[in-house]
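Please find the structures below.
Each of the two complexes below includes subunit A, the first together with subunit B, the second together with subunit C.
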Partner chain A sequence: MEVLIGLEIHEQINTKSKLYCDCPTNYRDVSPNTNVCEICTGCPGAKPMPPNQDALDAVIAISLMLDCEVLTNRPVYIQRKHYDYPDLPSGYQRTSLPIGINGKVNGTRIREVHMEEDPGQYDPVSGIVDYNRSGVPLVEITTEPDLRSPEEARLFLRALYRILDFSGKAREEPGTLRVDANISMAGGARVEIKNINSVKGVYRALKYEITRQKSLLTRGEAVRRETRAYLESQMITVPMRTKELEADYRYIPDPDIFPLVIDSNKVEAIKASLPEAPHMREKRLIQQYGIAPLHAKVLTSELALADLFEAVAKKIDPKIAALWLRDKLKNVLNYYGIRCAESLLIPEHMIELLKLVQSGSITPETGEKLLQRMVKEPVSPLKLVEELKLTKIVEEKLLEEAITKAIAQNPQAVKDYLSGKSEALNFLMGRVMKITQSRADSKVVIQLLKQKLKR
Partner chain B sequence: MEQIKSRKLTAIENTEAALARIKNLNPKINAFIELNEKGALDTAKWIDEKIKQGKKVGKLAGLIVAVKSNINVTGLHITCASKTLEDYVGTFDAAVVQRIKSEDGIIIGMTNMDEFAAGSSGETSAWGPTDNPSALGHIPGGSSSGSAAAVAVGICDLAIGSDTGGSIRNPASHCGIVGLKPTYGLVPRHGLIDLAMSLDQIGPMARDVYGCALLLEVIAGYNPRECTTLKVDLKDFTKKVGADIKGLKIGIAPQYEEVTVDKKIYQKIERAIEILKDLGARVVQVNLPNLKRALPAYYLINYVEFFSATRRFDGRRYGKRIEDVCGEEVLRRILLGSYISQKEYRGKYYHKAIKTRSVIKHETLEAFKQADVLISPTVPKLPHKFGAKLTPFEMYGYDLFTVPTNLSGICAGVVPVGKIDGIPIGLQIQGKPLDELTIFKIMEAYEKSTRELS
Partner chain C sequence: MKREEIEKRGEELIKEFSEAIADVKEEVETYYVSELVNVVRIDSEPVQKKDFKDKMLKIAPSVDEEGNIRVEIGKWVG
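And then the complex of A and B:
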């Protein structure tokens, strides 16, 4: 059964102040209702300030990076979209008519790019509304219904997020992503799923929805046109209050704001200073540093990681740097479940660490352990090595002692090895590393073990 | 004001006298619905102190200013004369209020008005109607009813009103005072509670042209913190009024007489025109064939924008849901605005009204190619007596001459030109965009000539 999926993505723009007032946008760092004024709380009579120019420039830059045509030298109206919800202080949300149109990401067509304001945050349990977020600028990106499966939607969103990340204009904080998905199957009406907050959520919501719609259709029942909400905790979708039709939003051009007119020269200037697109950077890393395509792909999965790599590659053999960042650092980041941008690792420390490994002062295993600390606190690996006495063991006597100990404590492994199970040697090596706190050179340990067990 | 600067009259004395007059007269007139007694006295004390120390004082030093109840003043109840906002206290000063305060004006209180400025008679306030001090028992006009009545009866020196389709000029005419609706964008709107945002303007009201010009000088000018003020610097109206008006071309359209219901009003206007001719002005004929289309277009725009503006009064933040507590006219506009804007999805009404507005604007600006100003009555009929029942359309009829000014985004002033059966009549002078000065000149010339006569 053919499936048509279109997405509507909202992401915050990382400006310092809100879209129509001076209030700061760091709503996560402050207590509720402190970043507010009469404008973003919609006090009677408060008028919006002229739209934040940085936000508009960011929307233009993002549109260009999504291969959109930017609508220049003509009025772009700011519309009022009316709906009744506690988080909306004025009873309407201001949203621009399209600023960019007809773009493309990985073969999926981008229909429109808009500039919007975020509403406040409503907690239905306490009944409290926090207006700190109210008025934070958003970019809204809508696709054509070009996606054919949840997997395609997932791949598209990853590609889109990579571009937003590389644009340097999106807010680098988790939980700012909001996606609405439209899905229709042959023989059924279009269903909109709202409230999805992660790429994984989009994938799961679509999977669930396809199963639900399929079973309705095969039973000969109708799939109604409706809006459903995704429940993250249960991984299902449920019907929402009857959704307003477009007419119920009663769009009117906001009489308090003159329409935007985007100068084509301005667009050219933004185009000229646009950051490198991720796929271009991927190509360049391969050519410039001679690293493997697979490594380049991982390194350009995130702007901060690509930047870190290029900073480190100035001082360290790029191939070694690539290997370390792709494998060891990625492992550590995945372990903590954080992005490179959220880690506290700085290029200088990474360079120091790799120099320590290359010079043989520490073992690669020690290096990896240090990395675990370095992403959590900005500490110099050199200092850590000195403080914790982590330099590689070079004295043979110390190694001998550790090996003897490992052999004595693991008679079964010794037996296995001697009866021909060569994997047992790796186990013994692991024990030695444990005893030496990874400070032994693994190659030397293997050699010594082999010698010892021959006798 | 000269008396205050020269210390013949202190600001405190002026304020205390005003408060005494208000206490005596307001129960009869109902012009004020909230007084700022302590704030006003404190400000007055401070101004007197500055004068005593020889410090520079502002242009309005010691003058008593009344503010319409739809304009935010910190700490006062900004009710829009509606139950909806009876508990709302201003949390910020409107841009015009900031300017009045920084020029040492004394804000004495909040005036009565038609609920949410949606009226032309001054009868629809939740605090009861305002009486017309110049013609007791008759409506004072609206919606800036309290501001006009307060000025007319002399319980304040100056007043601020707002004008969306005539709300300054209509009561100025009925109460026999001077008022002006500035060019759209000349005066900041930040802090003015919305009626129809694309038409609303704040403007001055005073007993004479000088006071009106002085107050406009204080409140006019670009405000970088809002989107729709104009980047112009027009600051010296008071210095320039008084020049003669020889050679100025007064435009009159045949449609003006046709639509004037009370023919006696038009006779008064013709006599005023004769006086202006004697002062050197020339009369030219202009044509405004679409005059009658202004009202339907205006009300449609008004309904839709007002509906949008009132969505925030949902009962969550200000205590009461507007639809539950408002009066009949406000509810009518909300419901019609809701209906029209919903149908609007298919581009039916609002955009057509906006188009009609363009036609009217074009027609008006064409007329200004022949004339410097357009002169007409302010209202086509005399104010009715309290108790008379008018249909909504009869009520809307009051706005016939004033609405085109707002639709065209231009300016217009009203100056009293006599009385019929004891009821004041105001002459409306519409000017080119940002040509408030010419209006002031004509009003001043007229005022001076009639003062000399009397």
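And then the complex of A and C:
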């Protein structure tokens, strides 16, 4: 059964003040209903301020990075899109006519790019309303229904998110991405799923919806045209009638806001100052630093990581830097469940750390342990090594002691090794590392263990 | 005043007004607004409005201790 999926993606733009008022945009950092004024809470008679220029420029830049044609030298009206929902105090959301059209990402056609204002936050489960977010600038990106499966949707969103990240215009915090998905199957009507908050959520909502529609169609029942909500906690979609269908939005140009006419010279200027697209940067890293394509791919999965790599590669052999960032740092980030942009690691500290490892002052194992701390606090590894006395053990006497201790404490492993089980040696090495707090050179330890336990 | 009198006086007023504006030159209608485009503002340091917050929460139907406004819960999640 053929499946057609189109997505509508909303991502916040990183400005200091909101789109039509000068309230702050840091809505996560303040208590509920703090960043609010007459304008962003839609008080009767409140006139919006003129649109935030930086938000508009960001939408133009993003359109260009999505390979869109930017519509120049014609009026782009700001429209009022009406709907009735507790997150929308004025009863309408301001959304621009298309600014970019006909783009492409990973072979999926981008239909339109708009500039919008974010509504407030309403939690239908608790009935809580917070207007801090109301009026934060958004870019809205709609695709053609080119996606054929949840997997394709996931890959597309990852690629799109990478571009938004590399544009430097989107908000860094996770969870700012919001997606509505349209899905239709042969013989059924188009169903819209609202308010999905993550790439994983899109994948799950689509999987659920395909199963639901398939089972209706195979039983000979109709798939109705409707809007459904995705319930994250239960991983299902349910019908939702509060938000209306497209025709009911009653768009009108906002009489309080003058139309925008984008000058083609301005577009050229923005084009000239665009940051490097992620796929271009991936290619460049391979060529310029001679690193493996696989490493380059991981390093360009996130702007902050790519920047960190290039800063470190100025002082450290790029291949070693790539290996450490791709493996060790990525492991630590995954362990904490954070992105590189959220870590407190700075390039100077990473360079310091790798110099310590390269000079043999500390073992790679110690380096990894230090990295775990450096991601969470901006501490100099050199200082940590001195404070915690983590330098590599070079005195053979100390090593001997640790090895003797490990052998004495683990007779079974010794027995196993002597009876031919080689992996027991690794276990013993692990014990030695534990006793020495990873300060021993693992290669030396293995050698010494072999000598001690001659089979 | 009687109804007929009012009607008569009304007619007179219209006639007088027409005579008064007879010499005014006819002009093409002017749309001041539609000629203005690209009125934008530069993103600047934001301003928090504490007094507005207090006023708004005072007229909200229901507010919890954290400052959230409380409204109906969604029918589709119940």
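What we mean here is this: the second predicted complex is superposed on the first by the 446 of 455 C-alpha atoms of A that agree within 3 Å, B and C clash if a C-alpha of one lies under 4 Å from a C-alpha of the other, contacts with A are read in each partner's own complex, and residues count from 1 in each chain.
By our rule, contacts are C-beta pairs under 8 Å (C-beta built on N, C-alpha and C of every residue); 3 or more make two chains touch, one makes a residue touch a chain.
Keep in mind the model is a prediction, meaning the values are calculated, not measured.
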Clash or fit: subunit B and subunit C on subunit A? clash
Thinking of the overlay built on chain A, is A:Y92 touched by subunit B (first), by subunit C (second), by both, or by neither? first
In the superposed arrangement, which partner chain does A:M240 touch: subunit B (first), subunit C (second), both, or neither? second
Identify the partner contact of A:V261: answer first if only subunit B is touched, second if only subunit C is, both if each is, neither if none is. second
Would you mind checking which one, subunit B or subunit C, touches more residues on subunit A? C
Quick one: classify A:F427 as touching subunit B (first), subunit C (second), both or neither. neither
Touching A:A46 in the superposition: subunit B (first), subunit C (second), both, neither? first
Thinking of the overlay built on chain A, is A:H82 touched by subunit B (first), by subunit C (second), by both, or by neither? first
For A:D248 in the superposed arrangement: first (subunit B), second (subunit C), both or neither? first
Quick check for you: in the superposed arrangement, does A:Y122 touch first (subunit B), second (subunit C), both or neither? second
Common interface positions of subunit A, toward subunit B and toward subunit C: 38, 49-51, 86, 255, 257-258
Complex contact set, residues of subunit C against subunit A: 33, 36-49, 52-53, 56-57, 64, 66-77
Can you tell me which positions in subunit A touch subunit B when the two form their complex? 38, 42-51, 80, 82, 84, 86, 89-92, 246-248, 250-252, 255-258
Touching residues (chain side subunit B, partner subunit A) in the complex: 70-72, 78, 80, 85, 88, 91-92, 94, 188-194, 196-198, 224-228, 304-305, 307-308, 310-314, 316-318, 338, 341-346, 350
Spell out the part of subunit A that touches subunit C in their complex, as residue ranges. 15-18, 22-25, 30-38, 41, 49-56, 75, 86, 122, 124-131, 229, 231, 238-242, 255, 257-261
